[in-house]
Amino acid sequence: MQKSGSIIALAAFLVLSAHIPAAGQTPDDTVLIADTLKTAAPEILPPTIVSLEDTPNDAGTSIDVTWEVSPTESLLPAAVLQYLVLRATSPDGEFERVGTVPVGTNSYSDDGTEPGDPYWYRIDAVGTDVEVSSAVSGPAHSRMQWFDRGRVGVLLFTVLTCVLVVVFIQVAKRRPGKVFLRRLPVFDAIDEAIGRATEMGKKVLYIMGGLDVDDPQTVASMSILARVADRTASYGARMDIPCIWPMAMSMARETVKESYLRVGKPDEYNEDEIYYLTTDQFGYVAGVDGIMMRDRPAANFYLGAFYAESLIFAETGYATGAIQIAGTAEVDQLPFFVVACDYTLIGEELYAAGASLSGDPVQVGSIRGQDIAKAVFFVYIAAGVILKLVGIDWLERLLMIG
Amino acid sequence: MSILERISNLDRRIIFLTVAIAVIVPLFLPLRLPIEVTPPVQQLYDVIDSMPARSVVLISIDYDPSGAPELQPATLSIMRHCFAKDLRVLVLGLWAPGVPLGVSALEEVAVGEFGKEYGVDFVNFGYKPGGAVTLVNLGRDVHDVCRQDHNGTPVDSLSMMDDVRAANDIGLVISMSMGIPGSDQWIWYYHARYRGNLATAQTAIGAPKYYQYLQSGQLVGLIGGMKGAAEYERLVGRRGLATVGMDSQSISHLLIIGFVLLGNIIYWLEKRKK
Amino acid sequence: MLMTSGPWVWIAGLLTLAIYSFLYKDNPFYKVAEYIFVGLSAGYWAVFLWWNYAYPNLFVPLGEGNYWNIIPIVLGFMMFTQLSKRTSWLVRFPLTFVLGVSLGLQVIAAVEGDMVPQLQGTFSPFAKGALFNTYNFWTSIGLIVLLVGVLSTLTYFFFSREHKGVLGVTSKIGVYFLMVAFGASFGYTIMARISLLFGRLHFLLSDWMHILR
Amino acid sequence: MRLQVPLAIILIMGLFTIVTSFIPARPIADLNQTFRNWYIGIITFFIFLGTINLVRVNGEKIKTKASDWQYSIILITALAVMLIAGFYKGRASTDEESVFMYLYFNVQFPLEATMYSLLAFFVTSASFRAFRARNKEALCLLLAAVVIMLGRVPVGTAIWKGFPEVTEWIMSYPNAAAKRGIRLGIDLGLISMALRMILGIERSYMQ
């Protein structure tokens, strides 16, 4: 369930703050100690350490230990219960336990080594009453890496999309007006909504979502606000912009003021139409609902990041008879806008709408770059499927996140 | 105004009233519709059922009271199952407002129904801040993260914790989760490192996302929304709030479908009239 | 228990009713509840964030002798320059710091958390000979549907071409996928919505009024 | 100073964060961690700023006796009570049995949960008025919604045993496909916007 926007931002941050391991890992068979094993302790043959290697792509604080399991395991399945991984800083020094793994496991990543220091390892197989040690192996060193090779795919795609966007911005700047952008039906909807509000002498309500200016959706919403304000300024309609964040409020004021300047009516700009309400999610919802019920604005815009409030706004707005235009990149909330509003900008359209409304070459160019990236995705998926079907999977391995 | 128009412009307040009725009436007149158990829930049940006695199950209360209608019944049922199988239960949580929910569940089930002893059969470490980072540390050294329980008792004086020191001493982790931090963190930062069995209970909003982890084997079970909780209640053989709630769910879902149909019939009639 | 004792349960019950009264129409009870809510929650978040984020991340390390932490604390307090028109440009310093870190993280997360695994996930199940052999019939069909769906939805988001010809057809298919997905999600989440209402009504009827049980 | 320094900050911080996410080596990774901690700390000041603004706006209302100014007194009182409850005993004032938590559980939480539960009503009224088969697309939306609704509750299973399976299938394939398509587009939109901001091309966020 969604909490207030700011908390989402904070929380999302906590998720982003370390990298996500690849999906598709299967869990080890965690074999629990069978309590039925009451027979006399059988003889256990020791396991053998096969390799000690630096764990790749880390800060140099981990060593991967692999061993051959005790041969007894396959002869007497219940004899060995678990393995202990032990570590020492000299071959004859004191070995301390760093890990315990269930029977059947043959590897362990020992986190907690210092980069460059030598370590010796020993594996003990534990039976009911016996403990058998492998030969000591070592020394092994952990080293830190300067490039995370497991993330080649991420790097590749990051560079690809960034380069495409930058290149096409340059292209569009050099030849303004040359890049074609499809006319989104929302343009007509915006004109119609504002026209109607003007005729009825009612306000235009603009909500820019629940996140602050540090979210790209809010910035995208602002570039649409600029166009909406252009229209309202030239038609002479009044706006009503309650804000959830103080910073976003200042930004909206600047944006709308510029619009009034652009259409040559600077004295008609009224700062009080853009005001701060509260930063609490449902407190804000309660406030905006009140505004809708009291003032009955004729056109409602909900553009930006929205959470649970999406449907509450859209239904209250409908009850007051407003034309409603929505748009968000919050996938979970799109269904509610699509169902309850007259027009909805879906996902990327939110980012594209501002660009194609303004015709600003920088924005138009970056949209072109995004389109090319999508074409690359298309080809990449198609190539991947074909290669997989004929049994080649290097494309997959190349980009595996690990 | 014709009848058609009148229905078409039905006062929203009438719709609201019917929703309230659809939820309230089954509370008094239960239908007891059969609840089919789905594989993801059965899977979790089987895992717990096959755990040796005295194994440790960690239940992470990663929700606040607004997730309680869906998740608290699941927590209760899982605890019932664990204590019935003589497993030991370790409770902690990544959401601060969830602590009282964990406390009350343990009071109800562990103390009230099974007469279990605190510190021997179950412990509660309360809220653990820090999300991802905490889970990474937890898997390596439980005692370091859980230095005191939620009442401030040091971990060393809880006998149950003597042999619960690292991830592999914990037989199963169940994250009862309604968002972030929650099962995402358990998957990415705990399970990815320490493996072992991990399962999750989710609100209906969160659940669809976790099917992929179930397929990939990262999760050994998934309880989705109030329905999943009701299924678990059926498995442990004790009707709880989720089962009661499912009747309300059935009726209100039917009601909504009814409204959709009604809306379409009116729409179709109006169109034909024109 | 914390939630259902003495006068507290009455406060909770009355406030719950006050909010529901809005469904009938706007009224003073609702307004009182609304303003209490806004004030209380603003206080709650300030306290919560202070004790869980600002204090442990900025001030505790400072107390432990990490003087570098003066930088973020100063940046943090610079946020307040926004309150005055004359100094408000100073907000740009903390703002751009925050934006830089957050945008950087978001870019990486978008590529790593979404883009690469999602692209990969679309074609990786198509192993040689797996369709209709390893997978059952409906899974195989599903995987093909998934592929077609992803590709056609992608074409719907092409902005620099008219949706005509081949692109017109594929983007139209994409629209159908979008509609099915929106309908499905809408239907799926109803359970969670009803659960919330169930939780509130159950509270009113049992914990507060003791009509149930 | 007013423009160039902020632009330099965003450029450096943005590029640093992106580039260093590929470098696991310790000094860099540690520095990254430090910046992230700072970020968390600074961003909480956004909320504090909001709180101050709230007091300002409502204080103004009370001073000028604007409409509904009496309610603003309630608001400021509630805020003050919560702040006092949250700070008067230092860190301990947010302990489990504290006044602060009592207020949270018995005042704030019921309000929030009730507000949230309004969605159950709105979801129904939206279904009634908006789920109409105006065209083929709308029909798809409507059918998917109805099937999934039936697949989620016991009464659906009572009608036809197959509903849950169909539900799972729709959720896992067509639904996942469209969501994936949308997400890929959003990722691109986000990256391109973020890049423009980091490179200083998009500056509208600076007032």
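Things to note:
Every chain is named by a letter (A, B, C and D) in the order it is written, and numbering of its residues begins at 1.
In the analysis below, a contact is a pair of C-beta atoms (placed from the backbone, for glycine too) under 8 Å apart; a residue touches a chain by one contact, two chains touch by 3 or more.
Quantities reported herein were computed from a predicted structural model and do not represent experimental measurements.
Counted as hops between touching chains, the shortest connection from subunit A to subunit B is 1.
Between the chain pairs A-C and C-D, more C-beta pairs are in contact across C-D.
Closest to the protein's overall CA centre, chain by chain, comes C.
Look at where the CA atoms of subunit A average out and do the same for subunit D: the two points lie 13 Å apart. For this pair, subunit C with subunit D, the centres built from the Cα atoms lie 4 Å apart.
Note on chain placement: the centre of subunit B and the centre of subunit D lie 22 Å apart, centres being C-alpha means. In subunit A, the residues that touch at least two other chains are 1, 6, 9-10, 12-13, 15, 17, 19-20, 23, 151, 154, 158, 161, 213-214, 216, 246-247, 250, 278-279, 282, 286, 332, 334, 336, 338-339, 346-348, 352, 367, 370, 374, 377.
In subunit D, 18, 21, 36, 39-40, 43-44, 46-47, 49-51, 53-54, 94, 96, 101, 104-105, 109, 111-113, 115-116, 118-121, 123, 125, 127, 129, 131, 141-142, 145-146, 149, 152-153, 171-172, 175, 179, 182-186, 190-191, 194-195, 197, 205, 207 are the positions where the chain touches two or more neighbouring chains simultaneously. Residues of subunit B in contact with at least two other chains: 12, 16, 19-20, 23, 65-66, 96, 100, 103, 203-205, 208, 212, 225, 227, 249, 252-253, 256.
In terms of inter-chain touching, the protein chains here all touch one another pairwise.
Note for the complex: subunit C touches subunit B at residues 1-3, 23-24, 48, 52, 56, 121, 185, 188-192, 194-199, 201-202, 205, 212. Of all residues in subunit B, those touching subunit C in their complex are 13, 16, 19-20, 23-24, 27-28, 65-66, 68-70, 96, 100, 103-104, 107, 129, 203-205, 208, 212, 225-227, 241, 245, 248-249, 252-253, 256.
Those residues of subunit A lying in contact with subunit D across their complex are 1, 6, 9-10, 13, 17, 19, 57-61, 115, 144-148, 151, 154-155, 158, 161-162, 165-166, 169, 212-214, 216, 219-220, 222-223, 226, 245-247, 250-251, 253-255, 275-279, 282, 285-286, 308, 311-312, 314-315, 318, 329, 331, 334, 336, 338-340, 346-348, 350-352, 362, 366-367, 369-370, 373-374, 377. Every residue of subunit A that touches subunit B in the complex is listed here, in rising order: 1-3, 8, 11-12, 14-15, 17-18, 20-21, 23-28, 30, 32-35, 82, 99-102, 109, 111-112, 319, 332. Looking at the complex, you find that subunit B touches subunit D at residues 10, 12, 15-16, 18-20, 23, 33-36, 38, 64-66, 96-97, 99-100, 103, 126, 150, 204, 208, 211, 225, 227, 230, 246, 249-257, 259-260, 262-264, 267-268.
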